[in-house]
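Structures are listed in the sections that come next.
Each of the next two complexes has subunit A plus one more chain, namely subunit B in the first and subunit C in the second.
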Partner chain A sequence: MHFISTFTRIAVAEVFDTMLSLKLEALETLEGADVPHGPLEGVVGSVGFAGKINGTLYMRYSDKLACSVTERLIGVTPVTAADSEVADVIGEIANMVSGTMKGQTSKQGYHGWLSTPMILRGSEIFLESKSAPISSMSRFRLPISNDRLEVWVFAKLED
Partner chain B sequence: MAKRVLSIDDSKMVHMVVAKALKPAEITLLTAVNGEEGIQKAEAEKPDLILLDVTMPVLDGIETLTRLKGIPSVKDIPVIMLSADGGSENIQRATELGALKFITKPFTADALLAGIGEYIGLPRPS
Partner chain C sequence: MILDVIHSHIVVVTTDVFKTMLGWRVEEAEPYQRIARPQPLELRSMNGSIGFGGGMSATLFLATDEPLVRLMAGKIMGADIDPAMSDLSDVLGEITNMVAGGCKSRLCDGGFPVVMTIPNIIRGRSIRATGRDVQFMIQRRFLLPEINNDFQISLFGRLN
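Showing the complex of A and B:
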């Protein structure tokens, strides 16, 4: 497994454990040509990396899972996944996961910067990169839902 | 009089999590969603401590810190950075500008209280 995939799994588990007191179970990790690109539906939080590591992290939740995570974290029950609270929570979680990953990649010499989080929502979402040599997708099971959390990373490392 | 902490962060989720963490210590939380609003509130409210995010729209945390330290009426208010982006370059820059500590997200309520407690006179956790 590429170390970017390993760092992704560690960062996602740490953020959910610390902020939501949830122990995630890491399921499969797919890399390279095995990474599915879509179509996806639901809510996607994304953060870009720039510097010695370039790329983007995407975290996809079903609408139901996004609402459950929001409720658990801030105690507010969203009416729908389009509520602003959901976007805020999903974006900030992506920000924390990216920040945790950045701390790990920095120790390997890959320093960089993070973008502010962005949110995608819809039913025909495709995630692709034409130039990233590293692509990875990891699935996680959360104890609060039967829906899976899926995390993509497309990245390029600069020497 | 209750201590007052100003949280400057573009995420309302972070404000809510911080508020929950500070509640047991009976700390009043003031909030701002970007650096410009944060500077205005700092000048108007003179909080006991400022929690400052790094990556924000309008005015980022490093620039906000630079401006805060240039305003005589607020320059001595303790500032703690609270950010997901805890890269060494950010920590070094914030420290050079006068931030007292850098707490990285994710954080626990205990870690946050312990982190700010020494600067606003909270009793040490037993």
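Showing the complex of A and C:
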């Protein structure tokens, strides 16, 4: 497994444990040509990395899972996944996961800056990065839902 | 104000890239207005996306639809080629990269250093993009009168 995939799994688990007191179970990690690009439904939090590590992290939740995570973090039950609180929480989690990853990659000499978190919502979404030699997708099971959290990283490392 | 400078770079670079790479004249669809408060953005069916870090943390979207990207691919790859979806993504990624890269170069030359991510392509239906921790939003729609089409460039972000 590429160290970027390992760092992703560690960062996601750490952030969910710290912020939400949830122990995630890491399921499979797919890399390279095995990584599916879609179609995705639901809510996607994303943050870009620019610098010696260059790429983007995407975290995909079903609408139901996004609402459950929001309720757990801020104690407010969203009416729908389109509520602004959901976007805030999904964006904040993406920001914390990418910040944790950035700290880990910096220790390996791959420093980077982060873009602001973006939250995408829609249907039949496909994500592609044609310039990224590293691509990975990890699935996680959360104890509060049967729906899976899926995390993509498309990245390029520069020496 | 730096946002007006960034806006000006977006217009100049977009016009230049579309003329140079595609041979198309670009017109601004509406007069420029500052957006006081960032709003969620409706993306289109095929979108190029690039993040920025450094002097600003931001994301740029070039929002368009597959038929226009097919026309772009025809210009770049040759009209007799039927491009696959991966070719379309390549073309849109490259155009987005050139627009963002041109803005980056001009900002760096002007003493406002930024770095940018590699381009991503986001396809889908009814996609709405919302920024978190964003302070500004620049949104411009551009017309391509020679082919009766249009596209939109949006930049969400905050200054660091």
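Descriptive notes on the structure:
One rule holds in what follows: the second predicted complex is superposed on the first by the 159 of 159 C-alpha atoms of A that agree within 3 Å, B and C clash if a C-alpha of one lies under 4 Å from a C-alpha of the other, contacts with A are read in each partner's own complex, and residues count from 1 in each chain.
Following the convention adopted for this analysis, contacts are C-beta pairs under 8 Å (C-beta built on N, C-alpha and C of every residue); 3 or more make two chains touch, one makes a residue touch a chain.
What you are looking at is a predicted structure, and each value in this text was computed from that prediction instead of being measured.
Of the two partner chains placed by superposition, only subunit C is touched by A:38; subunit B is not. In the superposed model, A:92 makes contact with both subunit B and subunit C. Of the two partner chains placed by superposition, A:146 touches none, neither subunit B nor subunit C. When both complexes are overlaid on chain A, the residue A:55 reaches subunit C alone and has no touch with subunit B. In the superposition on chain A, A:73 makes contact with subunit B only, not with subunit C. Residue contacts after overlaying the shared chain place A:130 against subunit C, while subunit B stays out of touching range. With both complexes superposed, C is the one of subunit B and subunit C in contact with more subunit A residues. In the superposition on chain A, A:112 makes contact with both subunit B and subunit C.
Residues common to the contacts of subunit A with subunit B and with subunit C across the two structures: 88, 91-92, 95, 112-116.
Residues 43, 49-54, 57-59, 86, 89-90, 93, 97, 115-134, 156-158 of subunit C touch subunit A in their complex.
Within the complex, the subunit B residues that touch subunit A are 10-14, 16-17, 55-57, 83-89, 104-108. Those residues of subunit A that touch subunit C in the complex are listed here as 38-40, 47-51, 54-56, 82, 84, 87-88, 91-92, 95, 112-132, 154, 156.
Subunit A meets subunit B in the complex at residues 14-15, 18-19, 73-76, 85, 88-89, 91-92, 95-96, 98-100, 102-103, 106, 111-116.
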